[in-house]
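Below you'll find the structure I mean.
Letters A, B, C and D mark the chains in the order given here, with residues in each chain numbered from 1 onward.
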Amino acid sequence: MAITVHTLLFARYAELLGADQLTLTLPEGIKAGEAVTQVRNQHPGNALPSTVLLAINGRQATLDRPLHDGDELAILPPLAGG
Amino acid sequence: MAITVHTLLFARYAELLGADQLTLTLPEGIKAGEAVTQVRNQHPGNALPSTVLLAINGRQATLDRPLHDGDELAILPPLAGG
Amino acid sequence: MYLTHDPIDLAALITQVSSAEHGGIATFTGAVRSSHASREVVVLSYSAYGSMAEHECAAIVAEAEKKWPVRVALAHRIGDLVVGDIAVAVATASAHREEAFAACRWVIDQVKARVPIWKRETYADGMVAWVDPTAPDGIVLARPDAEAARG
Amino acid sequence: MYLTHDPIDLAALITQVSSAEHGGIATFTGAVRSSHASREVVVLSYSAYGSMAEHECAAIVAEAEKKWPVRVALAHRIGDLVVGDIAVAVATASAHREEAFAACRWVIDQVKARVPIWKRETYADGMVAWVDPTAPDGIVLARPDAEAARG
């Protein structure tokens, strides 16, 4: 069964990919890091850096976290607040 | 030869001695600590504490500093600014 | 709400934390500097992952108030700022100055480490860059044709 | 002039140290607290050895500006203050927050250690005491008949 993951891109990553939102259709049980690899493969000319920060549903998450249908996956450039 | 030392008292010490200024006539070469002893002896019922902070001409000074004619000697209670 | 598009009012943050029992108030304000990475900054555009940024700010304030006997106020500005504009402000109030300082310092460090906010600098020479603390000189030049992607 | 009988304006101190190059501003304000030594404070009267206090404040500011790449503003109020009034304020501006915090903390510590200022507290029960950090409970009761000697 496939799941839908709403993916958010910010700042320089939105610029690199020319979009700030992507709707990904992914196999059930896929890990967050694998979803990022899929995004990277879909945009080969504008590759995201090899390491990125992730958040799932608004909380920082590690690459090995499994994704569920309806999750909000955010791919975050290095933080620069303050 | 005698020297004149203008002596300032502040806060609780002014209260203890009932005065915020004293004009002391002292022997030449007297040290600041000896001048304080003289003030203490002149006000036996309202004795200053055994250790006091001193300033001479507006700069902190030690008890062994000699006094000169016209000096301003300040006897300072424990500082409580801020 | 910790993120705001409006100018930050430090006095309001101080009022927010002040009380008769909390005599010591420490604040930190970060304002836009005129130079960064040896370039002259004219505009600094802040963007955020809004919902997560609000959550992280609230968590930082709650954690600080648990770590120290302090009251904490925090605000971070979003949008286009010019040199001298306040981007972030923290106010901490405590009965004792040690705790006010420690909490204030901790909060601003945590904001920089945890809150998903990004900065895009426009320089006097027309160049544009993303601030990236992990990059060798602290910035990554932006693509000049990518105006539409500003977060 | 660092000593003032007028209310302290923190915003003015911040303006005094702000510049396009100094993006990080730390402040500390000390306000009159409602309780001290387990008593309810109603008035806090500050007195000073004015000429020496001005000299020490100027020296502290100059020393801080020598120790760190900062700009420092300092004000201390004198006279009768009530709960909530600001008694002392320090603002330090630097390109980097570490230095702003370090200098701010150092200046307020130095003010407390070096500047000849004294505090006389009047409590809700009518008792009056001198604040004395060297005394066991931080105060020495004043003589009720010694109103004339207030510095």
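Following the convention adopted for this analysis, contacts are C-beta pairs under 8 Å (C-beta built on N, C-alpha and C of every residue); 3 or more make two chains touch, one makes a residue touch a chain.
Everything numeric here is computed off the predicted structure, so don't read it as measured data.
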> If you walk from chain to touching chain, how few steps can bring you from chain A to chain D?
Replying inline: 2
> What whole-Å value do you get for the distance between chain C and chain D if each is reduced to the mean of its CA atoms?
Replying inline: 28
>> Distance between chain B and chain C based on Cα centroids, please, to the nearest Å.
In response: 52
>> Measuring centre to centre with CA averages, how many angstrom lie between chain A and chain C?
In response: 25
> Approximately how many whole Å separate the CA-defined centres of chain A and chain B?
Replying inline: 75
> Where does chain A touch two or more other chains at once, residue-wise?
Replying inline: none
> Which chain C residues reach two or more other chains?
Replying inline: 30, 108
> What kind of graph do the touching chains make: line, ring, star, complete, other?
Replying inline: line
> Every touching chain pair, please?
Replying inline: A-C, B-D, C-D
>> Could you list, by residue number, the parts of chain B that touch chain D in their complex?
In response: 8, 10-12, 14-20, 55, 58-60, 74, 76-82
>> Quick check: in the complex, which residue numbers of chain C touch chain A?
In response: 30, 46-49, 51-53, 55, 76, 87-88, 108, 111-120, 130-135, 140, 142-143, 146, 148-151
> Of all residues in chain D, which touch chain C in the complex?
Replying inline: 10-11, 14, 18, 20-35, 83-84, 95, 97, 100-101, 104-105, 108
